[in-house]
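Note that the chains take the letters A, B, C and D in the order they are written out, and that residue 1 is the start of every chain.
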Amino acid sequence: MLPFYQNLPFFSIMLAMLVSIVCPLVKRTRPCYNLTVLATAMLFIFSVIVAICTGLQGESFTYQLGHFPAPWGNELRAGVLEGIMAACFTGVMLLSLTGGHQDFESDIENGKQNLYFLMINLLSASLLAQVYTNDMFTGYVFLEISGIAACAVVMATQTGLAIACTIRYMIFNSLGSGLFLLGVAILYRCTGQLLMEPLHNAVMLLSAQGSMVWPMIVSLGLMTVGLAAKSGQFPFHSWLPGAHSNATTTSSAILSGLVLKGYIIFEIKIIVRVFSLELLRQWHLTDILFLFGVGGMIIASLRARKEEQAKRMIAFSTVAQIGYIYAALGLGTKLGIAAACFQVIAHAFTKTMLFASVGTLIDVSGHEKRLHYLRGSARRAPLAGAAFTLGGLSLCGLPLLAGFGAKYLIANASFYNRYLTVAMLLALAFSSLLNALYYLPAIINFWMPPLEDYPVVRSDRSRRFSLIAFMIVNVALGVWFVPIMNLLLHGIELL
Amino acid sequence: MILLQCLLLLGLIVCAASLPFIKRLLTTAIVFMAYSSIMAILWVMLESPDLAITEAAVGAGVTTVLFITTLSRIRELKGVDDDDRT
Amino acid sequence: MTEPNGRFSQWLRGETDLFDEARSLILNQDGVPPADPPKKKPKRRKTGAMLHRRYTMFHILFVTSCILLLALLLSAVMDLPTFGDPYAPSSNEVSDRYVADGLEETGALNAVAGMILDYRAFDTFGESTVLFAAAISVLFLLQHRTDSHRHAFAPVTTNENDLILQTAVRISFPFILMFGSYVVLNGHLSPGGGFSGGAVLGAGLILYGAAFGREGLSEKLPPERTSRITVICLLIYAALKCFSFFTGANHMAIEIPKGIPGAILSSGFILPLNICVGIIVACTIFNFFLLITEGDD
Amino acid sequence: MLEHIINMRFEIAAVFLFAIGFMTLLHPNLIKKIIGINIMDTSIFLFLAAAGYVDGRTAPIVTGLGADPSQYINPVPSGLVLTGIVVSVSTTAFFLALTIRLYRKYNSLNLDKILLLARKGKEKV
């Protein structure tokens, strides 16, 4: 009999799927919202248990779905890294959901809010599946699910611009998963395996013999480009600002904080578990990743400065932070991967806090989106203003905050790669400066005396709790980033 | 047998390549139906009958019917559907 | 100390905005800033020519990346194992077991149905959820906001009583249903299965819906009912598969009777799963058709 | 070389179809973009299913117990493609629903024109 905690990854995916399937039967909004929050809380508890138990055991386990062992049947695999990532994703989902139940009623039609919660549950199900899966085709299926669910969440407000940005997002989604499936098809053609461990052995055997190396490079390139297109990486990011700025406050927080990260974790598992890092360095694919990452960091930050709307500015800064992650992946060392994972966690918490706080600031100042008219809105909603300030400073790299931890770890990881150290440090410094050039003016703008006095509106109590929780976690990440880093490094060893 | 497969593949490529140049949207839907039917025949030649039934029912049948009903909803069928104008 | 009316001290008193380059704007005495936001710098309006130039640059980039992708793929295809080669790496011990031991492990004669619904059933559960998510988002987009004015469901063909179509459908509809249900029920014995049979059933329902319009199926199968049926089938599928995954993972040897190979009621869970998937696919496809023709008017 | 091309006809055709589908994405009309995405998907499925075919073998419908695997083709790719076709139907239906809503609001199928109108906030309804 398996120890009980090994069933938890399977239970958490099935729970999320079942809750999302049941949602259309629950007609009214409140019970559906409570069901979603309860389910996300249970997912968070399950993931924390998985992280702790695998941490104590010190080794990852595989969970065989069905009666047939690995290469024939399907399989889930969970370890310390997967546990931490799942706990972080479900935790952020829980906090952003508890804060948002007022703007569901206002933004989404009353007859269709249970369908919106269905899509949110599907997003958390596909996030967990991408973290835990050990099979490439299951990964493709859950890429599709999170693609369709994310598009449905973006168009929930049903305004003209939202639907136009949704169809653009859907085109990039289909393109991304099409390229990924083509990569899996070529890999299946060369090796005949679909599960990650036998695939790894077959790839190692083939690269040792030196036969069919070029198709494997092309297949890995296609998979990376497909996942980069879906996670809004630099050359394929044109859909991201429109999609993330036209969604409701909670959904834009979930979209940019979590959905993009599911694809990146799946990318990290493919890189580390199927093609080992040495192979990537040998094929020089890490340098291409590094190039695109740095490009994303610089150009997206430059583009963010020209934005007048608050949400679009933050969406462009998301593209820049995704560039950080891909640049850290491009360093090609285990330390670089651990730094990328820490950046994923730090960005998930910081970006969700930013979107939540800007949403509150916009609600308080009469739904005015442009930065100039949001002037002085922080004085009307001090907690949201403080959260935005903390988030902005964290992304600029102020010490004792999560952003600084991520930047420090990426810089530290770059010392182990002789060629890229200088380039990485320059890119980090320049993009941090650019971040400061558009976050600090925004922060100052929020705290200046307001133009005309809007009636002071008390931001709803639950949003207060989630903002405070985000701030605490941000500072905690900034202070204890070294122990978290060792945990992540240990997790990657087990991957 | 190989010659027939090559001809069908050429037919596929011709169908697909002609799509951007057709002006009327209804014609593109019907060319897409032809494309799916040829694909269904190819599945039979590749010895996978499940795919042939699915592709025939889904590709040629349902997808094209959805396209045509969408065009009728957009009132394209009344001959006003040069895609440059809309 | 900074002189009293220096820019910084003025900013401290909140009179000026650090970023207004246009000093004349700031110095209007009553300190009320202009109504529309002073632009950071005059925003160049995207003239037609500039738009055109940006698009051609985007097109060139797109075409070159497409040609590069084509060259990459063709060079990769040249190195792949040849088509139809019996010793290709993909026909290895994995696929041999699906065919060789497939019958006694799953009881299904059709190795593909055995693989989809028993060996790798988690993918198919994801598949049905993809269909369900698409059906719900189309419902989300096109469902009637107010059910009060249920718009008369005009069939695609303009005149209602098109005799030829209706008699043709009246003759062929039962055979389509029979063929579709045959394909679903015999999924584990002959080629077909839940997806193909469901698609055939869905296409048959669409044909009936298109021919008979209002008093046809859309009264008996409105979008709410089809999504309820889909939810029930998905729950049955999830229940069956959770049972077999859980018992499989914990190595509980609970034997599901495989029946006599070749009989309809054989191969354990595959038959009920095929029926569930068939119903899900048929309902979803008919739902798409119904919503696209009738919804949101 | 020509012999190799004839031998790899399915894969080369799939790659060309993928490129053609990728190119039709360039067309501003929404319906053409959706058909382009459909062509890309079916070309990937053609590539995947061609991986499973083995010369001189029949469809994987076993007749009795202990079937000899050397007589049947590889069932794995046709299983994957079967689920893939259903995915492309659902994405197409979602696209078409979005197109109808956009046409209702902006009376146009040209995505570039729609985005310009949407940014200027000109909704017909």
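Keep this in mind: a residue touches a chain if its C-beta (ideal position, glycine included) is under 8 Å from a C-beta of that chain, and two chains touch if they have at least 3 such contacts.
Because the structure is predicted, anything quoted here is derived from the model rather than measured.
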| item | value |
| --- | --- |
| Winner on C-beta contact pairs when C-D is weighed against B-D | C-D |
| Inter-chain centre distance, chain B versus chain D - centres from mean C-alpha coordinates, in Å | 11 |
| Gap in Å, rounded to a whole number, between the CA centres of chain C and chain A | 22 |
| Computed distance of Cα centres, chain B from chain A, in Å | 38 |
| In chain B, residues with contacts to at least two other chains | 48-50, 54, 58, 62, 66, 70, 73 |
| Multi-partner residues of chain C (at least 2 other chains) | 73, 77, 80, 88, 90-91, 94-95, 98, 110, 112, 120, 123, 127, 130, 133-134, 137, 141, 191, 193, 195-196, 285, 288, 292 |
| Sequence positions of chain A contacting 2 or more other chains | 137, 141, 144, 148, 151, 155, 158, 163, 182, 186, 188-189 |
| Chain-to-chain touches, reported pairwise for every pair that qualifies | A-C, A-D, B-C, B-D, C-D |
| Chain D residues touching chain B - in the complex, by the definition given at the top | 6, 9-10, 13, 16-17, 20-21, 23-24, 26-27, 29, 31-32, 34-36, 38-39, 42, 45-46, 49-50, 52-53, 57-59, 73, 77-78, 81-82, 85-86, 89, 92-93, 96, 99-100, 103, 107-110 |
| Residues of chain A that touch chain C when the two form their complex | 1-2, 6-7, 10, 14, 17-18, 20-22, 24-25, 63-68, 71-74, 109, 111-112, 115-116, 118-119, 122, 125, 129, 135, 137-138, 141-142, 144-145, 148-149, 151-152, 155-156, 158, 163, 182, 186, 188-193, 198, 202, 212, 214-215, 218-219, 221, 306, 308, 370, 372-373, 375, 441, 444, 448-449, 451 |
| Touching residues (chain side chain D, partner chain A) in the complex | 18, 25, 30, 33, 37, 40-41, 44, 47-48, 51, 76-77, 80, 83-84, 87, 90-91, 94-95, 98-99, 101-102, 105-106, 111, 114-115, 117-119, 121, 123 |
| Contact footprint of chain D on chain A as seen in their complex | 137, 141, 144, 148, 151, 155, 158, 160-161, 163-168, 170-171, 174-175, 178, 181-182, 185-186, 188-189, 194 |
| For the chain C and chain A complex, residues of the former touching the latter | 14, 17-19, 33, 37-38, 40, 72-73, 75-77, 79-81, 88-95, 97-98, 105, 118-123, 125-127, 129-130, 132-134, 136-137, 139-141, 143, 145, 227-228, 231, 234-235, 238, 242, 244-251 |
